[in-house]
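A, B, C and D label the chains in the order they appear, each numbered from 1.
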Amino acid sequence: MNTFGKLFTLTTFGESHGAAVGGIVDGMPAGITIDIDFIQCELARRRPGQSHITTDRKEADKVELLSGVFEGKSTGAPIGFLVRNTNQHSKDYENIRDLFRPSHADYTYYSKYGIRDYRGGGRSSARITLSRVVAGALAKLVLQQQGINITAYTEQVGNIQLDRDYHQYDLSLIDSNPVRCPDPQKAKEMEELIAQVKSEGDTIGGVISCVIKGCPVGLGEPEFGKLHAQLGAAMLSINAVKGFEYGEGFAGASWRGSQQNDTFLPTDDSHQHPLCNIETNHSGGIQGGISNGEDIYFRVAFKPVATLLMEQQTVNMEGESTTMDVQGRHDPCVLPRAVPIIEAMAAMTILDTLLISRTNRF
Amino acid sequence: MNTFGKLFTLTTFGESHGAAVGGIVDGMPAGITIDIDFIQCELARRRPGQSHITTDRKEADKVELLSGVFEGKSTGAPIGFLVRNTNQHSKDYENIRDLFRPSHADYTYYSKYGIRDYRGGGRSSARITLSRVVAGALAKLVLQQQGINITAYTEQVGNIQLDRDYHQYDLSLIDSNPVRCPDPQKAKEMEELIAQVKSEGDTIGGVISCVIKGCPVGLGEPEFGKLHAQLGAAMLSINAVKGFEYGEGFAGASWRGSQQNDTFLPTDDSHQHPLCNIETNHSGGIQGGISNGEDIYFRVAFKPVATLLMEQQTVNMEGESTTMDVQGRHDPCVLPRAVPIIEAMAAMTILDTLLISRTNRF
Amino acid sequence: MNTFGKLFTLTTFGESHGAAVGGIVDGMPAGITIDIDFIQCELARRRPGQSHITTDRKEADKVELLSGVFEGKSTGAPIGFLVRNTNQHSKDYENIRDLFRPSHADYTYYSKYGIRDYRGGGRSSARITLSRVVAGALAKLVLQQQGINITAYTEQVGNIQLDRDYHQYDLSLIDSNPVRCPDPQKAKEMEELIAQVKSEGDTIGGVISCVIKGCPVGLGEPEFGKLHAQLGAAMLSINAVKGFEYGEGFAGASWRGSQQNDTFLPTDDSHQHPLCNIETNHSGGIQGGISNGEDIYFRVAFKPVATLLMEQQTVNMEGESTTMDVQGRHDPCVLPRAVPIIEAMAAMTILDTLLISRTNRF
Amino acid sequence: MNTFGKLFTLTTFGESHGAAVGGIVDGMPAGITIDIDFIQCELARRRPGQSHITTDRKEADKVELLSGVFEGKSTGAPIGFLVRNTNQHSKDYENIRDLFRPSHADYTYYSKYGIRDYRGGGRSSARITLSRVVAGALAKLVLQQQGINITAYTEQVGNIQLDRDYHQYDLSLIDSNPVRCPDPQKAKEMEELIAQVKSEGDTIGGVISCVIKGCPVGLGEPEFGKLHAQLGAAMLSINAVKGFEYGEGFAGASWRGSQQNDTFLPTDDSHQHPLCNIETNHSGGIQGGISNGEDIYFRVAFKPVATLLMEQQTVNMEGESTTMDVQGRHDPCVLPRAVPIIEAMAAMTILDTLLISRTNRF
């Protein structure tokens, strides 16, 4: 249950305040040049303390690859990796040792396992998504070579929302601002909203969009391995995610078929599109659960972070009413740091289905 | 890839116009009384031709259980089952033999496999969801015994939408109208809209809500087997689904943490809630990926059916432009018949996680 | 648990005296010509009542493919199939309804599940291996096209044993005698031994050898998916199997390394062996868990059938001492009919690893 | 493919001369006291350099648990662990960089992946079994609490073989001699044989026996997850293993059913054996693939180590004939150090099936 994927798999371990977080990537194709700087760069995009609107926890998050790479290339053997936890302030959590924090996993973990590591949320901490970024970076190294590119960006924070779709933005601007939004003006507004929410000890949710370009036709496996079902499962496994939609999504539920169908046209480029062009892309690049060669795009909803820097009412482990005041260092909004996680999960999913698709016929 | 689940699993086979559709349920706990009438009733809720707003294809959909049941009880052995296809009109599909129907899986299947069964959509037909209803009915038989109940209903068709949440409806009314909506007035409006859309040869989408009551605390497995990730994957694997959200979902993305957090209170019923009560349920019954004992609720978005009874432009398998006029018998709106499928997938998911949770500790 | 394989999978259902036995093959590559006569021929090799030394149960064992085949070719969709049980004599088993037959699965099934289908052994009957032969035949159709051939034969029955290895026999003779042994003289002796044992109401064990020719280098996945570990698991899952060895096996345990090592030589055929020849093949075609292009060969030990046509002492379900006298129709020796099952399991294993090997590198 | 198990799983990484070897155990039940000294003791039994008849490579093999343990108990979260490689002499392998060592995995790995880590065998080295011992020790901690005990011992080295079965030895003597054999006299002879073989630069194979006591009735899942099939797969995945048999194994293939059947008797101890006693145990504690409460016993054959300290003929990576003279530090016989690995694999298998058996019925 701590393993993701079928052929390209990631198994993870680690807690917020344990010795280290890390994982094992299995099924990495052999012969891929492993660019360790690229992996570290991806981690830097997820790193705490990267700007004034993220948590103050400061960690270098330096990854060590322990296996599976020889003379700079993947060997086909599993790639073990870890990142040491170096900046835990476990004492900050002493006061919640016997409390259940509202809307956190404290209560459910304790009920399920009869024990919980209360320090920083333990296994339920978003810190463990770090391993996904490492594995996602490895997957990206393979996908880049296949001409597949994945880009996520912050589309909404609270009530501030982009009003155009991804075609109308310069996606290269995403990492140029701390919220990772391709609209510089909206990015500024989002940043200010997050700063304000933070100053109030509160938190805020939002929506991230993701687009995948260059996917070949044929990824995804019916009936239960439909590509969007796999992408959805991947996204919903990220901490604080509450919803997933692709193509026209929920909004398209009120459309008619005659509006939403995508018409096939004769091809104008037999190299890229051997059989046909597709006029519109309401389908989001996936039809019948299988990629159709068009851009794949989807949206992911995040709830506001549950940790508030204000007094909240709760109960303790004896079931008695009490109040709590959280210390610790927390993100007022997870979206800026979640962008690389979304990309990582998408990359792993696409690579996994790409590998499986090689076995569909001889 | 045609298998769902980890311990309670369903593997399916079949095409719209093949000899039969069916499957194998593995991991059915032993000793459960198998009520074959109940299974057949669930199939009747999914059956084509059940009302004037569904497809005209008329099939009895009589299921035969082939194994795994002895003297009326499950034995722990796999339960094989099948439903013969009896009312195929394959000739209706001759004219699309060499065409790709817009927004169907024709093009992607052909590209992926180099061959496709064009009759009625073949493997991509929604007819194959019949197997899910059988397996879901088996799962429900186990869950009922554990006091867990699952209810889905049509919440939105086109622009007609319920304006209250599930607490405020009498859910026993759902099967009393052909759209399966608990609000009789809205149900009438939805029914009229579907009839009108049908008369125009067009189709319409919508949203189904689902609520699960009586779940124990502790279902769902971090980190990748979070309960909502499993539910989401299950729902997104259903034909025509474009989105999934639980708890406050996409709408909650614009809330603040101080609004969305659920406060723990001292318990007022130590039997049902041994440690605490939870004041609100914005979380949708799941915290940190694990059920917290509150109602689990989620919403599923469906696109309009791709098959229109009107002329559409497309290309043929040589890539030449052409037009098509579909014959055949089709649903103008899948939602009424999708309600039992949603329930079935939820039942299988909950049972699977329930079984796994028995291994978390001794 | 009733599923075999990772990419090419077989899931089975059925009991000896239920309505049918069958299964679902998933992951069949698309575009393969499905020779239904070949499948039926393979079943005929496993069929009861095929000679005087097998069980008297007479069944046509006619298989029906229910899906996954269109216009004579595989489509990539799962292939559902079934064989109706037509010649059950369930009444023969009335007298063992409340007994545990010695060395059968009656006691363990009952203890595990709290219920058992006593008729003909229910799910534990060797009749259910029929599904393996169907799936194995499908796998063979793919492997033949890749130049891979699998041949099993009876090497030992009781104390009658072949004294030469497979190179020294004409393997085309295997199906020319009822015990499926390539040495006509030994075959005769084995046949007589089985007939004699049968006349005494007793049973006898033996050993089957299997050789796989034409395997490419590179099948098998370290560390837990070693090719011989997968083959061993496949063989040990067959009813009545008690041992598996490959290469020099148990006998080689007393050798020295200098005797057992296989020396590499320069290639004399760069097409078949691009890098090198291998002088001897003590390794059995597998080194480090990966096929090396040489013949793969292994041996499988079967215990004598547990059902004796003589009085035996046992206890009933209340734990009281009693005696039993089995009616029913049984094989005095399973080996002749197990030969095609061994081949089927080998074929599925090799195809599964062949598919996975396509994902090792781009 | 580097993951073992279904509910209690081990995923491993590492190479002989990489930075570290380690793994992740997932599915460890929560609340188990983690005795780190016990784990380290188990590793010491596998450690290189522990006696004059094992390899001279000297490593402390100190394990670090990185997660999943809190205040001395398992939390239900995955347990990541690693052992740093500290005593690599990679230069010893420079001379085989371009050679394929006979009967090693050099040729198959290179052919499969197009690249190989030649240092010490890379991923194919037996050093990576270290991770299995750690995971097996964790499994043993759970099993001990359930009254299940697993003991393996060296039964044969070359032609020196025990002549009695496990009942007739004091198994507490196993770790009292360097070959891990319960017969002190035979142990002495084996030790001398290994020393002599070592002095000649040669190697020798052998057989290890294993017995599992205290297993409840009901472990193992038909049809493909039969307990002995899972045990066999586990054992065959260990480096240098060539065969597996349980119960009467290959020898029993020449018996008659009337000799090999185990008779049920009325119980004389309704606590331990609620329904019946079993007079003999030719079945090896497993009937129909399910444990029957009797001792489970099996035997595992090892080939002689492929690395010889003598000149051997081979080819280089250009396919040219050459000779090689291996340096490095190697075991003349793997059996003494393989005993704890066998136990570890058995422990993981039993725990995995024990967990699954909890889901067979409510």
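In this section, contacts are C-beta pairs under 8 Å (C-beta built on N, C-alpha and C of every residue); 3 or more make two chains touch, one makes a residue touch a chain.
The model shown is predicted, which means the values in this text are computed figures rather than measured ones.
Chemist: Hey, which chain ends up farthest from subunit D, C-alpha centres compared?
Modeler: Taking each chain's C-alpha mean as its centre, the farthest from subunit D is B.
Chemist: Give the chain pair, either B-C or A-C, that is connected by more C-beta contacts.
Modeler: Taking the two pairs in turn, the one with more contacts turns out to be B-C.
Chemist: Between subunit B and subunit D, two touching copies, which fits better, same or different residues at the interface, with half of the numbers shared as the threshold?
Modeler: Same: when the shared numbers are divided by all numbers used, the fraction is over half.
Chemist: Measuring centre to centre with CA averages, how many angstrom lie between subunit C and subunit D?
Modeler: Each chain's C-alpha centroid was found; their separation is 26 Å.
Chemist: Between subunit A and subunit C, tell me the centre distance in angstrom, where each centre is the average of that chain's C-alpha atoms.
Modeler: That pair's centroid distance is 45 Å.
Chemist: With chain centres defined as C-alpha means, what is the inter-centre distance between subunit B and subunit C in Å?
Modeler: 39
Chemist: If a residue has to touch 2 or more other chains to count, which residues of subunit D qualify?
Modeler: 1-3, 12, 27, 30-31, 76-77, 109, 112-114, 123, 222, 356, 360-361
Chemist: Please output the residues of subunit D touching subunit B within their complex, sorted ascending.
Modeler: Interface residues on subunit D, with respect to subunit B: 7, 27, 29-31, 76-77, 142, 145-146, 222, 355-356, 358-362.
Chemist: Show me the residue ranges of subunit C that touch subunit D in the complex, using the header's touch definition.
Modeler: Within the complex, subunit C touches subunit D at residues 1-4, 12, 100, 102-105, 107-114, 123-124, 128, 156, 158-159, 197, 202-207, 217-218, 221-226, 228-230, 232-233, 236-237, 242-250, 252-267, 270, 274-276, 282-284, 287-293, 299, 301-308, 310, 312-315, 317, 319-321, 356-357, 360-361.
Chemist: State the interface residues of subunit B toward subunit C in the complex, per the touch definition above.
Modeler: The touching residues are 1-3, 9, 11-15, 18-24, 26-27, 30-31, 64-68, 70, 73, 75-80, 82, 109, 112-117, 122-123.
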